[in-house]
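Two complexes come next, and they have one chain in common, chain A, joined by chain B in the first and chain C in the second.
== the complex of A and B ==
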């Protein structure tokens, strides 16, 4: 029972930071094992990679520079601009191979949101970048997580002459239809035909703003087909979770990793001891792994790596309570590297830095654990 | 400011369960009445209470009279308002360390009050989260009530019978001529208009503000405000109401309410009565004592905390809040030299009907009318049933038809008012998903949905701002979506 299986590098967590770290380790030619346990926040992630955003500046890079001077514990103090860029490059490449093209203008862009505000982001899927002069919001009457009138009302201020049209989706009866289920409808060619013929009867102007439900697999082809048939550009706008774009990201990374890497699904780590011994449970049994180095990327409250405790946040694997997350660079056990939203001293929803921090710290942890730096 | 006049027989001040109960009783006896509420209905204790339809068991030893009233009213309310009550049943649990002589006294008290009690075995308890340190367990007819729904059902039933309800209208002053009430001066806050309402009788049912209203007529009421705080837990942790069987104290009752569980209460002197909130000390105290009954309590997620104010009538000075009798008081201020003015205070939500009946008996006496009350035999049902249109809130099954119904009452209600009336956003997601959908629906109806959403989230987050460590997963998701994804920089309501 107490058999320990020895591994070289183990990554715990198949959210954004863990997946990034695993790809980097694979690139470094390491013998890496990924303990996967669901998508974490990728189930919610909108697909647009934020670095740092505010109404006050357009370049996230200058904002990050300022942060490093003023907030000495911020996770961005543990990575350089070059490391952030490298992480984004790898991300872009992984998603590109899966068939999702990402673009950046080198500064932030303001994207329309599903409540009719705008949000700054940095690296975005081409299908989410608003282009053109005129726009029409397309509302689906049976889809309650995308409210055309609300979006239209708010965005009118930013997009002059914004129009609104509302259509009934073919065959959709569920009262609780969510974005991911709707994305599955869009993956069916027959259904799309009916959808297109309904939408064609509408008066449409300029680019069409639709919820981010345009398929998970084959997303870009689906959008291209809609654009060709309708004669209008189609722009996806992220909406309430669960998120189809987040699932695309998960699939893209998995597609990249599966052929080359040992992935153990449904493995929950129960604890890590000194000497990097991992106690792991998977349905029906418990297991022990040993490793030379470990990357722990369990996510924050939403990923399950941290849980609320009486006087702070408790790390579910290390069993330690910390006030607001780990400080970047800390190594509570030798050979253990922590990455992603388990880090504290930043507020990603406020700063708009979620994916930026997860990807860059995941990258950095892998470089350190895999000996990617030679000093 | 333009002036406006209205006329009626009776003005009722306060849109809690007492005021709306009185309004319905008046309308059933054919007496014309207007209810004035300064905020929305159930703004006071009636929307911030524990949700327990008492069997009377809690008062069996300390207050036999209340115990008897409770069990009688409990049985009546289950008959006349089944839509607002879930007949869960209740348990009184004696733990190993709890005093045997109290249990003996309690059994005697229940028998005297007429409360049916049945002792059950460990196997029959069937409460998976309950501690195994149980000595004895007794079943009583406790139940769970939805206070918001109850108040709204009462108001709707009264309106159907001709009564008028003015919300967001504050009583500024009781007007008197020659030691006799002639009406009230009120401010309609939405229209920003003062109205003088002429009336023969004014009933003051302003809950924790009852003394402030009396003071506007120059009458002093000795009130001692007392705060009780409660914690709402994710999930139904208990099947029945669970009471600790010992001398009543803090945090000794769990009430299952729809999809959640409410633990309470405390008893402290509040800092202010207008927007009471639970202090961190109270929260810790609730958790510590509650864990004696449900040992794994601290592993369950807290959705929110809230607090309500009990207006305790203290004609004699008393130091401990909980020892003043909670039986109610109907004060005819003729004794203070003002005819036509009555204050009603104290009591429990469970005994509102009885209080209302006694009050209206008094009003009838003053008006020289001889019509008996019939509320005990008048069944009040929910007007909206089932979902048509879009389903907005999965936790509480609220559809666009529910919102439409309330919007059509034309009281220009906002999302927060709709939440109180329909329970939208009261379940486990605490409004994260249905708030969005409802904002969309309001925009369809020509409202500023985004502004409504903004103040809805602001209200919601007031109750969930615990300390950083106690931030819940629901909170983190709410913030991820509205701030991280939608960039909504939540502000308070526009005007403050």
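== the complex of A and C ==
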């Protein structure tokens, strides 16, 4: 039987860049297939959209402007401010439809982290925005990825009069619980009642800093319920991976794409040849896909698009070893667009630019691949 | 340490310990007693390589394979879990549950008696003795098995033919699905060969009875291999059998020649969709004015072929098919039969059942044990997509002589 399947566009990778690209292609009405090998690195995503952050400037836009002048190969040189804004707009719309409101103050905001540091971010879920004057860190004794004393110690100098309280979560026996599994507890109304009654016995002051584990689905309602019952504002702080906010983002994109986009999991792309022929391995056999354009967004070292090699980084699909990652805008094969963290010449953990680069390059790749600029 | 457990070290090194698999595990996310696939798979193996004793209840793993499905780095977590399971003690109950073919043969011979007993007092006594959940409805058997019903003479006229691997469930419990598969293929001008066939080995495999699974699978491979050697495609309408034939026979059981064989195996709907892509699918489908919820089995997800049966059903005029998208049903083959797992199995599927009971009277799914679970836990009636497709062909009679 003939096993070459022809598609208009194939997107490889279900992380931030790949999902963004697929939504754009869906909007353009393209015949698109998303090939994924595993859930993608949204499990590591904090849920806050960082564009560019530093102690030195508050506006990421001016920071990006400076970057374009000084670092000529940076991925942000391949996208305009308008394209970044458009990508953020689409992102906000996808998340909004799932019931997650994102807000921005127009400049960076410093958010508390689960290890007691602060990090700058630009577009953040409403439930993560620190508001108010006084704060209390709420420690959960059985959740090892959230140590109240560590957070309290680190944040004391930034949040004056920061208090700490510690509670034992009801019915949680395991000490190896991860954030997403803990979020499942918060989705149960009965359990929440017990949680609230335990917390009510504590001395609480100001806004409550809790780990971002307050449910996957409908977490805004859960936060609102806690706030109403406790009489205090609740602020979610991103935790270590696997991240509950990352899972929310993933579910939001799935909700958007599933109705009319073919998403194939367990499909590993083995290679892409000239003429955009893809060799794909899935359980039991290999297949071929042919496409007019391909978006390659398999991720960096975390996502599995690049693997360490002796003399650099090896691209797992193209089989080429590169020193720094791909340069934005390069097309190793005609019709192949690269987006997301396989791009090189930037340092997203240090620059706080991971989501910004993934979203904007994913958007741009889809616009180019789908002919969005010419229609 | 058992020889079986010594892993491929490179497979272990791919694990970043990110726990993504744990967050997709239907058991770990609601049961503190199971530490999840990462802890029971890569972590456990790593620790046992250093001779550290750990205490993990592997029997709680359902072998749904969602851990593998979620892992971005290709770690074969499910196999590590299933091989670790092999260390647990063997018991008679699991022997009964993992030999559907043998039980099917005996139970069909005395089907009147079996069905009479299945869900009454005697059935309860048997369930108690075997530690099968008393509430669990047992499958019914037929006097005439699917293999006995099948008449190869009726298939002689077709030039193009495929080999049908029916699976124990169709052979003994649901022959009507087998009949539907044959009719659907015949209506597409394709004849069906149904060779003598055994079990795919999945029940034994999921229970960690690796040697038994290997023996069973080897025998079945012997029965099917002559046909694929002649160039025939093998189709199956059971998603767990399909995953075994395509994947687990070589990936987990390391059967020689299974990888080559897997190249010829297709899900029955997947094969029909390939016909559609070539413009060869018979589309004389009559309208069905109904609304169904579709449940995607975990072992279909694992095959990485999307949802071909939903794509097929979209061709039926007036039919409304909505994806339920509410996660695993919790049955996991023999898992949900066991007394100690029954409650857990229903809790896993809770979201799915509530969605069905709130919105649908009829449900579609491609897996026989998902069907069992949905029929047990909801008010809905559950149908295989190809049964519905056959009905649509009947209604669109025009081109059918």
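Odds and ends about this structure:
Assume the second predicted complex is superposed on the first by the 372 of 375 C-alpha atoms of A that agree within 3 Å, B and C clash if a C-alpha of one lies under 4 Å from a C-alpha of the other, contacts with A are read in each partner's own complex, and residues count from 1 in each chain.
Definition applied: contacts are C-beta pairs under 8 Å (C-beta built on N, C-alpha and C of every residue); 3 or more make two chains touch, one makes a residue touch a chain.
Everything numeric here is computed off the predicted structure, so don't read it as measured data.
With both structures placed on the common chain, the touch criterion links A:219 to neither chain B nor chain C. Within the superposed three-chain model, A:241 lies in touch with chain B and with chain C [touch as defined at top]. Contacts of A:44 after superposition: both chain B and chain C are touched.
By the touch criterion stated above, A:86 is placed in contact with neither chain B nor chain C. Using the contact criterion defined above for the overlaid structures, shared-chain residue A:176 touches chain B and also reaches chain C. Of the two partner chains placed by the overlay, only chain B lies in contact with A:147; chain C stays clear of it. In the superposed model, A:268 makes contact with chain C only, not with chain B. Once chain A of one complex is fitted onto chain A of the other, the partner contacts of A:115 are limited to chain B, with no touch recorded for chain C. Overlap of the chain B and chain C interfaces on chain A comprises residues 41, 44, 176, 241, 302. On chain A, the positions that touch chain C within their shared complex are 1-3, 5, 37-41, 43-44, 172-174, 176-178, 180-181, 184, 241-242, 247, 258, 262-268, 282-285, 299, 302-304.
In the complex of the two chains, the chain B residues touching chain A come out as 298, 301, 387, 390-392, 394, 433, 436-437, 439-441, 443-444, 448-450, 453, 468-473, 476-477, 479-488. Across the complex, chain C meets chain A through its residues 16, 18-20, 22-24, 28-30, 32, 35-36, 39, 68-74, 233, 243, 245-247, 251, 262-263, 265, 271, 274, 277-278, 301-306, 323, 325.
Contact residues on chain A toward chain B in their complex (touch as defined above): 41, 44, 46, 113-120, 142, 144-145, 147-150, 153-154, 175-176, 238, 240-241, 300-302, 308-313, 321, 323-324, 348-350, 352, 354.
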